[in-house]
Amino acid sequence: MRRWVSPIAIIVIWQLLCMGGFIDPRTMAAPSDIAQTAVGLIKDGTLGAETLVSLQRVVLGLVIGGFIGLSLAVVAGLSRIGDDAIDPPMQMLRTLPHLGLISLFITWFGLGETPKVTLIAMGACFPLYLNTLGGIRGIDRKVLEAARSMHLTHRQQIRHVVIPGALPQTLTGLRQSLGIAWLSLIVAETIPTDAGLGHLINEAREFLQVDVIVVGLAVYAALGLTTDAIVRHLERKALAWRA
Amino acid sequence: MRRWVSPIAIIVIWQLLCMGGFIDPRTMAAPSDIAQTAVGLIKDGTLGAETLVSLQRVVLGLVIGGFIGLSLAVVAGLSRIGDDAIDPPMQMLRTLPHLGLISLFITWFGLGETPKVTLIAMGACFPLYLNTLGGIRGIDRKVLEAARSMHLTHRQQIRHVVIPGALPQTLTGLRQSLGIAWLSLIVAETIPTDAGLGHLINEAREFLQVDVIVVGLAVYAALGLTTDAIVRHLERKALAWRA
Amino acid sequence: GCGGDATGNEGAVDDNGKVDLSKVTLIVGDQKGGSKALLQAAGQLDDVDYEIEWKEFTSGPPLLEALNAGAIHVGGVGNTPPLFAAAAQSPIKIVQGATYGGTGDAIVVPSGSPIKDVSGLNGKTVAVAEGSSANYNLLAQLEEAGLKYSDVTVKNLQPGDALAAFDAGHVDAWAIWEPFTSQAEQEAGAKVIADGSELANGYVFQVASETGLEDPATKEALQDYLSRIARAQVWSQTHQEDWAKVWAQETGLSADITLAAVKKRKIQVVPIDQTVIDSEQEMADSFVANKLLPEEFDVAPFFIDDFNASTTGEQ
Amino acid sequence: MASLTPSRATSAAAPSGPVARVRNHDRSFGDTHVLRSVDLDIEPGEFVALLGRSGCGKSTLLRSLAHLDPPPVGEVEVSGRTSVAFQEPRLLPWRKVQENVALALLNSPERKQRFELAEQTLTEVGLTDKLDAWPLQLSGGQAQRVSLARALVSNPALMLLDEPFSALDALTRIDMHQLVIELWRRHSMAILIVTHDVDEAIALADRVLVMDGGRIAREWSIEPRRDDRAPSKPEIARIRAEMLSALGVHPTPANPNRKAVHKQGAA
Amino acid sequence: MASLTPSRATSAAAPSGPVARVRNHDRSFGDTHVLRSVDLDIEPGEFVALLGRSGCGKSTLLRSLAHLDPPPVGEVEVSGRTSVAFQEPRLLPWRKVQENVALALLNSPERKQRFELAEQTLTEVGLTDKLDAWPLQLSGGQAQRVSLARALVSNPALMLLDEPFSALDALTRIDMHQLVIELWRRHSMAILIVTHDVDEAIALADRVLVMDGGRIAREWSIEPRRDDRAPSKPEIARIRAEMLSALGVHPTPANPNRKAVHKQGAA
């Protein structure tokens, strides 16, 4: 597919630069070396297991955070009072940095899964909230009026106009929420855990294993492409009407 | 203004809960205590100076990252080839976690301002990229066709249709880029620096000075509200036509 | 920045190989209340011929990360971080040492805890920053008490977060170093069930990057810098109260905490010699045995004694 | 803020009362007064046409009757369900044609057969082959007919049609006239139709209103039966002339009877 | 993917050649063939009307002539600048009315006075008081007139008007007819206008085309001068009857001369 051309080109050029000696291997390992490390980590089961553990956390956080973000956006997007009550605290909360919250979260939620999933949920919540809210505000009022003129109930209007109308932007939000969920993971996994992709990277940092760090980052990039492919698929289905 | 009701209500309730002894002060300091710490930090000049240093980094990173994100979105949004070449690497890059990148950035950029600003720019780049791209894709093709039928050049179409059409969503992206810029700051400032708001929080974390951490978070929340107010103002101006 | 192989000081050497120190900038990695505070308090920064650029890190591992990347020339860390760097074949050398004795490294439990000694930790949850000196102390203490590392549930936490967890009762014990030991005692009412006086070596090291050592200009500045460090360490032992005050100011801890910490730890400058190397090798082996490090390796190549003369007067 | 409050459907009023009752209704945008104390009654089963210059407030009045604007200044009471065909098609772009029409039945008694009824009505407006199309794939006239079908399908007490035939060719237009008249006869709902075509107004309506200066300036009752409204008929010719004059154009000789235009071949 | 490639304005062809030349042009959406080997020439300065059933492909043909669709199957050559008034107004919602019109002049020789020219044209379509309004604040007929003004302002070689008067009342419509005829006389551009009104086509055009089955099915030249096209005139009556018949409706007695409809009072 055409979309693979450019990532593959980048990797090939990078490999050639490394082989040609233009990139110091201490500055940046070559793709082949990274692949080798990756194969090692996959073979001894580390990478798969770590990713799986993280995946669970991310999915759970994403579901919780996404649900909250979506619901709040619908309420804020559709009523003046909802907007006034919900939006300002959301605008305050969304800037709170994860790193700063960790101490507080440990105090409140301990060291188990709760603070980790909460952190991920918090991260995932806001892009969906902001984008869905923007999407709702951008819905063509004429179409919304048409739905009102058909005497659709609130719920029906949400189902048939608000959700499909805001959907393109919600999907942009979903993309970002997915991204942020994985980003939050690495912070969340500084809270003690004995497994997880973020944990792998954090540990590698502590022990100066640059190759492992890069493998971890490569997995992140691959996850980025995968989630992107999933969201693209959703988009194609959901936005067929634009064709 | 109505939008202040809910944040103030939250603070008042929180204070009352603390005063009533329902919240353990070691778990969460009361707003009044936080205010006191904040006043102390302001009086000795710490808070103002730290915030100022950070503000410079954030603004610089935001400008660079925002410019890159916007430009790439316009190219990807308007040409098939641009989309295929730009989007996949962007989707890969955007999931790379800051914490994991720090080691590499130190190797590449040293310890000065460069890695910090780069990190912030990277964070700020993606929400603007994704949202602007989504906004461009969502532009009413009929209107774009009208512009083509008037023989507007590419540049003119971008100026008169693409930018204003994508603007609402770009502003949603700007909101998030602003947020992420500040979030990236706290990670960026784990790279040695002797000043900065993120540095203040990181340091307080190390010695668990909960009150300082919370003051730092409060500043973040205030920044969140401020930037929100700015973006809202821009929105009101830019979206007057919707009225 | 100064990534890669350059130290940035190559221009300070003239054609005859003579070094003009006034053209040298030594980039030093520091931690809160570390070398800079100590040198300043001891008056060792007043007449330096070269420039010192300070880079403050949150802890030892990121400092070593920067050393590894060649972003700094030298930095002070505890006794374990260099082992992890060495295991990663990082291009670094340990160039100066001092010991506080093992008393700073301790295992603490909450005041009302039923745990009375190390053997009571069996099956309990212990917070520790992996790869820290306290981590080794915990290993050693457990071994001494006939327990394995796997007999406790380890929670890898940096000091601040560990204090939060300890405070909120999410862990049963905490293996930690000064000044956090004193902070835990005074702020959280912790009590020490074991300190490292018998088992931990209490070393602190100055670690330099190989690129810095290979550059004559940087090396010359380094030699001077290390001697100042050694003098300041001696000073801190003779001026405990002064040092505690400065330290408190720097870290935001209360003066009581830092004074207690200073009093508990008697610093003594040591030469880099076989004693030091053996002690560190023992630690490394212990980490390997407990799978905290991947494979056995020799620590000796990571030590050099070139600066012993200027720091301890010994050769 | 997007308002979701569904268009209010006041419960059936006293059976003898009007379907719509407007009294003293004002509406302005900023300084421009669009409606100025409008008075209007529409009886159940009445077919009313509304004419007026571009921008005189016809659509605004319809919006008021459909309760789409904020609570009105003055009285605007509508008893029974309304349906609206807007001046633009306003289809939901993300629902296929059939579903767009079916949605109008979502809260009506015929809820269950709504897809069949939608299909049936779309067949009546000549779009059998577009059931499964997306709105963006329709031609202008096709979209307008879907919008008309959406208004027709739900058999309301009051149907508000805003220039529903403006994008249709002559033949399709005649078909649509027949369809609307037939539905109106069958279900005896009240209809308020906005049009710019004087002959269309005469051919369809019982009563014709001309708006001017923000109020109903003139009105005519058209007494003859619908198949007896040849423009050559003096009464019709007079009314036609008066209307054109009220709209600002000099009346012309009587128009040929529109009803004389028949479809070629079988319907 | 949104395409930004501006509508191609082929440089002026041989002065004697047609403005537009279509040969063997096909266009289909999926399986539905909308245009089937259409042939069409439009001479410079010619005024052509296009009629046809709803959905027969009129708008599609216009889009081809405006080079808005992908490179066509067959030949579609247009020499000189085009301008388009689409079936829907398609104003840029984020530009005020005056700027919407002024944008059409952005790359024309009159670039400098474009705001004055826009104001002037908007005055001609009767919207002096809406210069500063947002498109969303316009009534249906007002928006349509802005869109018309946008097409008129740039004096192109070929003007493509897709049902430009469908939302206008009788009087405004007459004004617009006059305006278009006057501009056409003054600048002698070619015009292709889509309409559903047979009488409008006769009153305005030199040549009338009826589309059917995806091609130009029939065409008529209207020879008499524009002020001599009374429907009572036998030649006109015959053409009118033929057109209606081609459109599928039984011809009716001659229509009263539209030109006999005059504005009341001064223009």
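Labels for the chains are A, B, C, D and E, by order of writing; each one numbers its residues from 1.
Rule of thumb we're sticking to: a residue touches a chain if its C-beta (ideal position, glycine included) is under 8 Å from a C-beta of that chain, and two chains touch if they have at least 3 such contacts.
In this text, all values refer to a predicted model and were calculated from it rather than measured experimentally.
Identification of common neighbours of subunit B and subunit D yields A, E.
Fewest steps needed to get from subunit C to subunit D, stepping only to touching chains, is 2.
Looking at B-E and B-C side by side, the one with more C-beta contacts is B-E. For subunit E, the chain whose average C-alpha position is most distant is C. Subunit C and subunit E have Cα centroids separated by 84 Å. Between the Cα centres of subunit A and subunit E there is a gap of 51 Å.
Each chain gets a centre from the mean of its Cα atoms; for subunit B and subunit C, those two points are 36 Å apart. In whole angstrom, the spacing between the mean C-alpha positions of subunit A and subunit D is 50.
Multi-chain contact residues, meaning those touching two or more other chains, occur in subunit A at positions 27, 102-104, 107-108, 137, 190, 205, 208, 210.
Subunit D has residues 88 in contact with two or more other chains. Residue positions of subunit C touching 2 or more other chains, listed in rising order: 3, 62, 65, 158, 160-161, 164, 167-168. Chain pairs that touch, as defined above: A-B, A-C, A-D, B-C, B-E, D-E. Contacts from subunit A toward subunit B in the complex involve residues 2-7, 10, 26-28, 84-89, 91-104, 107-108, 126-127, 130-131, 133-134, 137-138, 168-169, 171-172, 175-176, 179, 182-183, 185-187, 190, 198, 201-202, 205, 208, 210, 213-214, 216-217, 220-225, 227-228.
By the touch rule above, subunit A contacts subunit D in their complex via residues 77-80, 83, 136-137, 139, 141-154, 156-158, 160-162, 164-165, 167, 240-243. Those residues of subunit C lying in contact with subunit B across their complex are 1-3, 27, 29, 32, 54-59, 62, 65-66, 69-72, 158-161, 163-164, 167-168, 183, 251-253.
Within the complex formed with subunit A, the subunit C residues making contact are 3-4, 61-62, 64-65, 68, 84-85, 87-88, 90, 127, 130-131, 154-158, 160-161, 164-165, 167-168, 170-171, 293.
Of all the residues in subunit A, the ones that touch subunit C in their complex are 24, 27, 102-104, 106-108, 110-111, 190-192, 203, 205-210.
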